[in-house]
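Same chain, two partners: chain A is paired with chain B first, then with chain C.
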Partner chain A sequence: MAKRKKLTLSALKKQERVLGFVFASPWLLGLIIFGAFPILASLYLSFTRYQMVGLPTWIGLANYRSLLFNDSIFWTSLWNTFYHVFLSVPLGLFVGICLALLLNSRIRGISIYRTLFYLPNVVSIVAMSFLWLWLFQPHFGLINQVLRPVYDFFNMEPLGWYRDSSLSKMTIILMGLWTAGGSMIIYLAQMQDIPRDYYEASEIDGANSFQQIIKITLPLMTPSIFFNFIMGIIAGFQVFAVAYIMTQGGPGRSTYYYGYYLFDKMINDNNMGQASAMAWILLIITLIITLLALKLNKYVFYLGEQD
Partner chain B sequence: MKKLAYLALLLLISFTLAACNREDTGDRTVIEFWHVSPVGSDSYSGMRRIIRDFNESQDDYFVRGTGINFWDYWDKINIAIASNTAPDIGYHTLDNVIFRAGNNALYNISDLIREDIENGVDTIDVSVFSENQLEFATYDDDLYALPFSATVRMMFYNLDLFAEAGLTEDDVPTTWSELYEVAKQLDDVSGNTINVLGFDPSFGEGTYHQYLWTAGLDFFDEDLNPTLNTDRHLEILEWMYDFNKEYPRSVLDAFGEANQMLGINPFAAGRVAMMVANDGLYETLRPLEGQLNYGVAPIPVPDEDGVRVNWGSGFSIEMYNKNNPERREATWAFLKYLMDHDKQIELSDTLGWLMSNIPAMEEYAEGNPILEAFVNELEYAVDKVYVPYAPNWHAVDWVQFFEQGQSSALTPEQVLQQARNLYIQKRENYEAAN
Partner chain C sequence: MQMSEIKKEDKMPILSLKQKRRIKNGVIHLVLISLSFIFMFPFIWMLFTALKTPAELLAGIGTLLPNDPQWSNFRVAVTTVPFFLYLRNSLIIVFFAVVGTLFSATLSAYAFAKLTWPGRDTLFVIMLATMMIPGQVILIPSYILYNQIGWLGTRLPLTVPYFFGGGAAFYIFLLRQFYKGIPRELGESAIVDGAGHFKIFIYIMLPLTKPALLTVSLLTFMFVWNDYFGPLIYLSNPDHWTLALGLRGFQTQFTGRYDLMMAAAILVMLPTLILFFAAQKYFIEGITFTGIKG
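Right, the complex of A and B next:
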């Protein structure tokens, strides 16, 4: 009979560690091949001249220098993107919270209303863009038809929406509010975690509904507001598809966002080197803004920490 | 019930596996051909037949065709070339062959022709292609692609609308002043609504660079420096903007947008009486045969020193460098088959394109006055120059400025100045990186 090998504790731990890596290897390999490698490759390419055919040639900081100091469209696209982020994020938060407050009531068919408000989030962005293209159409769109009495009353020309360079960015932001139901679901989940006792106690103290929202609901919702705020900033800096479909960056580059310019650099100018440099500049900008936003964490009230 | 479910599952798996089955190619050299006739497209069966005929015509090579949607094709082929996964043979755009040839992505076609001549084998007769197209397929004095299709732009005119306005085919304009005079007779406007517009220079495929060419000008000089800064450049831009200046911009926009939103071609719908378009519009109008009485004519030119020219873009057919002599030989055999006189006619019929083989197209067009006019216009077709520092100079780079001029957000002077500045900036940045 073969002698059974005695396993020490350290050998067992080692075996477990190896097994852990084996089981995690599909994910780890995916992370390295499809995550880390492209990221590092793009960092390298950002220091090269690479036209997507042939080999990259090292040119040092030339791509960054050109973008930052001799590219007017770079700054236009960056400004457009900042405008989008700084307006769409607060507006998105406001609409999402309002919807959540409205849909946090116990009325008949509430789950149907919640589903309806969430539904736009499952619509493809292409279909959504075309739908709003029709709705905002300056001459035939439903929105201007509905607003016609207002235009007549103020004796003004109908708004040009996405066809007007001074309104086009705002049109895209307004359109984005249609998907506020996504953040609403997160707010709702957190609202329903707030203990009823707080509301009952405040009622005894004579608080009205508005005071309850301001003093109880909103402070206790700050973790989810903060989460949506950070995610909104990151997503806002990546805005691209809607402008690509609806306005093609126009009119007059007013909706030519950073992501759009990056895309054009790569696909239309065959300039993968500069496109990669743009991606890294965007990463740094997003990182800085996110770090600044994280400073607001001290105002976030986590229910579990109250003791 | 359970047995039935198992049977259905078995059948499903069998069909799936059968669909995955690939032809037995034996010892043949297999090559990949990417085209724009995917399953479900009108040209699918025709393209399939053309490939099958080649495979059945000999025992040495086997072509495996992959059809990709036209609008997806260009990104896919570019990414495939970049990642060294390009097919052996495929289409691309003729105007930037030089870019891929310069980066060693393509086989040298001239070498293949020379080898054929040395071996006494039938080869491709390049004299059947237009000189201009061949120039675009040439890099360093050698051919690195062959012209495949030949797009031509002409002015379509609606004879029914001409008749309503008391005009005949003899009144079809040839110069800009005639164009203006005839267009205004064709305009049909009631109040703030345009029912029919005679002509608008920016409708259809009317582009600024094409009108510049008709006046003997261009965006760039011979050294690819941006021009755009002469009085004549300004005059031509103003001519485009002012052609329908008697109508408010909002009325013109409403007219243009109505066509766009309804997804209709304004010429096919009888809303525009004259419009510059390519031969693709002829294909669009084919189902309306007998319902729409129309003709095509060369694009009108400026009254003084006008040049008969049209923007003749086209697709190239290219052999991608796989560093594999056997596949190179097989691909060359297939390319010669595709460029054959009769095959070009068959391809034209299948794809609905004018092909690059001029004698073949002359034969194909015989008896069809519209097609004949297009083929005759081939010799006046010129492709746009490839500018390495601004490959998309005519589209994204220019259109944003042009549209701002249309909406009066910029004056025509500002449009030209700002566009020129952009090209200069792009050149500086390109040179800094090269």
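Right, the complex of A and C next:
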């Protein structure tokens, strides 16, 4: 009897090994067809000249060379993108963390507040761009109207926001903070895992709320901060649609981001070789930053390390 | 006598602690209310703008509220572009994307959570890593591939990949957390009863994780409904345009007419807003309370 049970158990195990692949097969097939194959293909294409007709011709490193050494627009777009990423990611993290800390309180109506702060995230990028085009409109827009007393006080011209090439990138960054509530959810999820007795114990020891945040909440939140940091950088490097709709890359290429240039190379020039090379340069940049961030990973504290 | 004295002394700090907490909560409420106002005002301003006349637009905050609400702006918005055609196109793509995501994400999440098979843990790490790959790397060869098999200009590139776990890494991760939370004994007893994993999956896992399925459906709905880049690249035929893509037509057609642009933008936003409010309990609490550890 016992022997038979053992047999069936091992049979079940064997069955599980097959079933695992069966259950995962849609995703596994997708990983190969829509993941692995395109990645390898774009690596190959980046070493070729290919304009959507005929066959790709191998040209070695020529695409990379011309982008890196003979293309000032490439560098402009890269600079614009770095500017965007290095300001929007820390600002977004800061606002997201502050919101999450506030929304982690146990007060009445907290779920209503959570809903409200998350709300901008359900708005499509087109609707959002329309809205902020109007809000930042230099002459009749709400923001400049509200700021008019300030302008008058300092005796200065109203800011041109997205129409001013020195402010356009900043305008898009500020507008992005409206959706900081998206990362808030991830932080809140992590905060729920922090045991209540940590706070109770520290309260008995006389810690105030600020000390609790610095000494308990923030250290235990580092994994989700890390996650949002990486996701923010990856999303930041791909900024495109906002500029496409709001500024068309202008004024004077000031919001002509890397993703925009890649889009133009691909759709308008049909220059698939150079576009692929740009995609791979982007992949390498994000990889380097992620690896640098992983070095900071030793400061990331994993609660319990269980599971 | 002595006892009561001690009690009295004990009560004092407790009361003040309560009061302290009440003050603290009051301050938090105040901060949250003012912040909510800042976060919500763009929406309110959007609605006000949509109801204004062009003359009122130029007056800015001089006329905060529209004097004579121009509800006809909404009619203009739906009649100057083929709004209902775009709506239909959006719904078609969203429908297949949601069905496809549910199909592929639930099955693979079950495989990752409840089955033991070779390579599982490595593949799980690979799946998480795919979230970190910039979309452009995959975009170009996919575009070429779709061109060669004649899918360019059709809805297929925007629907078929979802049946193969396209963009589903986060959802698989989320569902795996839910499935892991379901006690093993529940499945084991079913196996002893002779039920296979497919039966467990369909009759135990899916019904028990309805909130998670709803969350995944909603997130997919919103992503696909709002997606701008995909339709821009793949839908060359205006008859296939989605609302997000068609909305942009307003910008060129109504330069400076922010009243009409806002009216159209509100109409495009409305379905996601309604869905979000209807399901926000599952949505935010669902993600928040599953936790992200493990």
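Please note the rule applied: the second predicted complex is superposed on the first by the 280 of 307 C-alpha atoms of A that agree within 3 Å, B and C clash if a C-alpha of one lies under 4 Å from a C-alpha of the other, contacts with A are read in each partner's own complex, and residues count from 1 in each chain.
Rule of thumb we're sticking to: a contact is a pair of C-beta atoms (placed from the backbone, for glycine too) under 8 Å apart; a residue touches a chain by one contact, two chains touch by 3 or more.
Note that the coordinates shown come from a computational prediction; the quantities given were computed from them, not determined experimentally.
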{"item": "Clash or fit (per the criteria above) of chain B with chain C on chain A", "value": "clash"}
{"item": "First (chain B), second (chain C), both or neither touched by A:206", "value": "neither"}
{"item": "Which of chain B and chain C A:37 touches, first, second, both or neither", "value": "second"}
{"item": "First (chain B), second (chain C), both or neither touched by A:105", "value": "second"}
{"item": "Partner chain in contact with A:66 - chain B first, chain C second, else both or neither", "value": "first"}
{"item": "Contact breadth on chain A, by residue count: chain C or chain B", "value": "C"}
{"item": "Touching partner for A:137 - first (chain B), second (chain C), both, neither", "value": "both"}
{"item": "Chain B versus chain C as contact partner of A:149, first or second or both or neither", "value": "neither"}
{"item": "Partner chain in contact with A:264 - chain B first, chain C second, else both or neither", "value": "first"}
{"item": "Which superposed partner A:52 touches (first chain B, second chain C, both, neither)", "value": "both"}
{"item": "6-14, 258-266 or 384-392: stretch of chain B that collides with chain C", "value": "258-266"}
{"item": "Common interface residues of chain A - those touching chain B in one complex and chain C in the other", "value": "52, 134, 137, 140, 267, 272"}
{"item": "In the complex, chain A residues that touch chain B", "value": "49, 51-54, 59, 62-63, 65-66, 70-73, 134, 137-140, 157, 163, 165, 249-253, 256, 264, 267-270, 272-274"}
{"item": "Residues of chain A touching chain C in the complex", "value": "12-13, 15-31, 33-35, 37-39, 41-42, 45, 50, 52, 99, 102-103, 105, 107, 111, 113-120, 122-127, 130-135, 137, 140-142, 145-146, 178, 181, 185-186, 188-190, 192-193, 209, 223-224, 227, 230-231, 234, 237-238, 240-241, 245, 259, 262, 266-267, 272, 275-276, 278-280, 282-283, 286, 290, 303-304, 306-307"}
{"item": "Contacting residues of chain C [partner chain A, same complex]", "value": "24-25, 28-29, 31-32, 35-36, 39-40, 42-43, 45-46, 49, 57-61, 103-105, 107-108, 110-112, 115-118, 120, 123, 126-127, 130-145, 147, 161, 163-166, 168, 172, 191, 197, 201, 222, 225-226, 228-229, 232-233, 244-245, 247-248, 250-251, 258, 261-262, 264-266, 268-269, 272-273, 276-277, 280-281, 283-285, 287-294"}
{"item": "Residue ranges of chain B in contact with chain A within the complex", "value": "75, 78-79, 81-82, 99-100, 103-105, 250, 253-254, 257-258, 261, 390-392, 395-396, 399-401, 403-404, 407, 409-410, 421-422, 425-426, 428-429, 432-434"}
